[in-house]
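The following blocks contain the structures, represented as structure tokens.
In the two assemblies presented below, chain A is common to both, partnered first by chain B and then by chain C.
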Partner chain A sequence: MNYNWNWGIFLDQVKGGDETYLDWLATGLGWTVAVSLTAWLMALLLGIAIGTLRTLPSRPLATFGAAWVELFRNLPLLVQMFLWFFVVPELLPKDWGLWVKRDMPAKEFITAAVCLGLFTSSRVAEQVRSGIQSLPRGQMHAALAMGFTLPQAYRHVLLPQALRRVIPPLTSEFMNVFKNSSVAFAIGVMELTFQARQMQEDSEQGIETYVAVTILYFLCAIIANRGMAVIEARSRIPGLIGGSH
Partner chain B sequence: MGDFDFSVWQPSLPFIRDGLLFTLRLTLIAMSGGIVLGTLLALARLSPNRWLANAASLYVNTMRSIPLVLVILWFFLVIPYLTGKPVGAETSAMITFTAFEAAFYCEIMRAGIQGIPRGQVAAAQALGLSSTQTMVHVVLPQAVRNMLPVLLTQTIVLFQDTSLVWAIGAKDLLKAADVAGKNYNRPVEMIVLSALIYFAICFSLSIAVRQIQKRGQQ
Partner chain C sequence: MIEIRHLSKWYGPTQVLDDCSTHVAKGEVVVVCGPSGSGKSTLIKCVNGLEGFQQGELVVDGVSLGDAKTDLTRLRARVGMVFQHFELFPHMSVLKNLMLAQIKVLGRNPDEAATRGLALLERVGLKAHAEKFPAQLSGGQQQRVAIARALAMDPVCLLFDEPTSALDPEMIGEVLDVMVELAAEGMTMMCVTHEMGFARKVAKRVVFMDHGHIVEEAPAMQFFEAPQSERAQAFLSKILHH
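What follows is the complex of A and B.
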């Protein structure tokens, strides 16, 4: 089979519209970044909370944390997208469900961001938990002996150290969020993968389309990686190997 | 609350069974192909030949930095140009997952090989084994055993990821549930059924992995 190359395709107008294909890809990149960053913010907040819960002496709270992680880790992301998009509105009281299905603004975006945020929170929680558990026991004991309450010990002693230790594994989770946001195309979020499929069909220049989109995903991964590296460098623990002086 | 009618599960079972069988077949093929190809990639990455090592690293890092959905779409688009004839979504999925998972199994195997004490290699050579024999009979068996929990965890991830073949319309478990949901006009119930099946399989596999891990530590 022969392929007709046309690298100028990006400046062509889409069929039946006055946008160019470049506009489509720019829109796609915008939604990819929006879904990823919203989901990441949610995942960090929830993940730190759930990861902390799992290390607490209280049995019910630790079990709740464990159940949370198992639930979001043992279902494919695409299935979770469908569950949030199609099933959850049916479980709400009738009026709410109707509102979500018909009138909720940016319904696809919100669903995708919430779904990806919860999915990623279970991974962040596992990292935070192992970060807290990697601290010497003496830290907690010393804090309690100084008269800190349990919440104070977490707030001032354990979490500041644990969170800085888990930045390297969280960097790869942050990069994963951008990759995983591609699944949002399945519920109609107009992100990069959605635009790629649309542009391939519309322009019939599949290879050029996918090359461009692959480069854009690469860029997201590199920027995410560098961004986390800056945070890592700023938050190093003085006195440790690899820490600041 | 919406009105649910779970009686639709019963007539849809033949669909679901066929879909699940495809999902399992895809997982097994991608796992075995991926581990073999991944081990070869790991050996290439560790080889003293710089070109070979760089080529393998480039392949692995590229696969690991782009979304799987995009890789699935890429292969589905490109394979027909390479083979000269269109291939079905199912065949395309098997090739894609083997090639994609190889990159992830490669990193696991590389860590496994690097974790073997040097004395093992020295001892094997002192016994007169060639370097291929050392790899096949001494290093790899130990690397696989040490890495078994991680290899299995990656396989659970692979099992979940196979649902993404939905993007090219291959008839896996999720697609079967999707089709049955449309046929019986009960999409919500069918999504719930597929979610329950995925969860049951992944959850029991992850418990099994934890058991193996515990036994390994004793």
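What follows is the complex of A and C.
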């Protein structure tokens, strides 16, 4: 292989600027984390709400939840990104559309975070739904028999148990958010993958660039994983399998 | 206290309750028994509205359950229920299990709820376990906690849905002892159970069900000594001779 190794490249200045390549990657990492955490927060809140809706006795609400899930999980994420960025502003009332296209601050970032948040919310919703449905029916009966309203039964009895049960699949989902955020480069968010492509073209040191980016994505995912593991351990119920005695 | 008149219920085309009528007066203990699938659990779940019904009338403490305007949550707060599988909330301590509905439904303050909860745990002999979690207790202990949890709401009557069926034999006694004590204190109770010893000891009447019908209803002694229907005779011969 005739390749010019240069591991010092990260400290070199970029062509036509006074930043280093490391600065580019750091900026990219910052946007990756920002898009991912914003999307995850959205996905959790919406996912819990939609997953709950799908288990309600009310037919219209359950149907709304089902439609939400199918809408956001049946299209490729990249296509959804383009739809939100190029198509949705055209469908808005004219003034709003113009504002979104011309004046909305951090337009790419917001679009990417919302798109990824909605996409992930459909997956979180399915996990929350399966968690609720895995509980014995008697738990709901016991809650109602004590005089709880349906919202109280969910809030105090069903959801605290269901959410504990789905922490393992939610952990994978949280890691996926970081990986999926790379799609945001396609609409111009200057996140890690965007910066990597830029650095590779600018420096012509493709291998070093992508080794660094690989390590950074891996670190993001592993930190997400460890964070969720701490939450899982803290929320264990004494006396149950895997709990402390 | 509980008036059930001509109650019928269907799941789709399948009829699960067929023209059932009975009553439980204040301070009375009525035992409902019958083979599995006879509709006894369904009947008792109609009493606090966990199951609906299509025909007939059901009045609990003056409140009609068939009426669409009835506030079910208010009624349920006054009718305690104990389940076959205990249904304690596994994610909170024993004491929290007793406090939650007192605070959220009755609006008691946490100190008041804790005091009441601890007093009831003492009564069922489990005060020392207040801070444990349900899964750390035996089945019999869990069911005694479940009874205490129902009592914490100061119910006007208690419904028992096969309270000892999921228990190991050596734990049945401790739960029945609590139930006998409650009966002696004049608690109104409707119990679905196969514990015929309990029925003999405390039940005023026994209701025998089969295939969604109330086949026979008689004072307890008469039901055990001289059951009228063939179905009840066959049932009793099977469960009493073990």
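Keep this in mind: the second predicted complex is superposed on the first by the 244 of 245 C-alpha atoms of A that agree within 3 Å, B and C clash if a C-alpha of one lies under 4 Å from a C-alpha of the other, contacts with A are read in each partner's own complex, and residues count from 1 in each chain.
Everything that follows uses one rule, which is that contacts are C-beta pairs under 8 Å (C-beta built on N, C-alpha and C of every residue); 3 or more make two chains touch, one makes a residue touch a chain.
On a predicted model such as this, the values are computed, not experimentally measured, just so you know.
By the document's definition of touching, of the two partners only chain C reaches A:136; chain B does not. When both complexes are overlaid on chain A, the residue A:238 reaches chain C alone and has no touch with chain B. Once chain A of one complex is fitted onto chain A of the other, the partner contacts of A:226 are absent, as it touches neither chain B nor chain C.
Contact with chain C, but none with chain B, is seen for A:160 once the two complexes are overlaid on the shared chain.
Shared-chain residue A:145: touches chain C; no touch with chain B. Looking at the shared chain after the overlay, A:196 reaches chain B, while chain C stays out of its contact range.
Touching chain A in their complex are the following residues of chain C: 45, 48, 50, 72-74, 76-81, 83-85, 87-91, 100-101, 104-106, 132-137, 149-150, 153. Residue ranges of chain A in contact with chain B, taken from their complex: 1, 3, 70-71, 73-79, 82-83, 86-87, 89-94, 97, 175, 178-183, 185-186, 193, 196-197, 200, 206-207, 210, 213-214, 217-218, 221.
Residues 1-2, 4, 65-70, 73-74, 77-78, 80-81, 84, 160-161, 163-164, 166-167, 174, 187-188, 191-192, 194-195, 198-199, 202-203, 206 of chain B touch chain A in their complex. On the side of chain A, the complex with chain C involves touching residues 136, 138-139, 141-149, 152, 156-157, 160-161, 164, 237-240, 243, 245.
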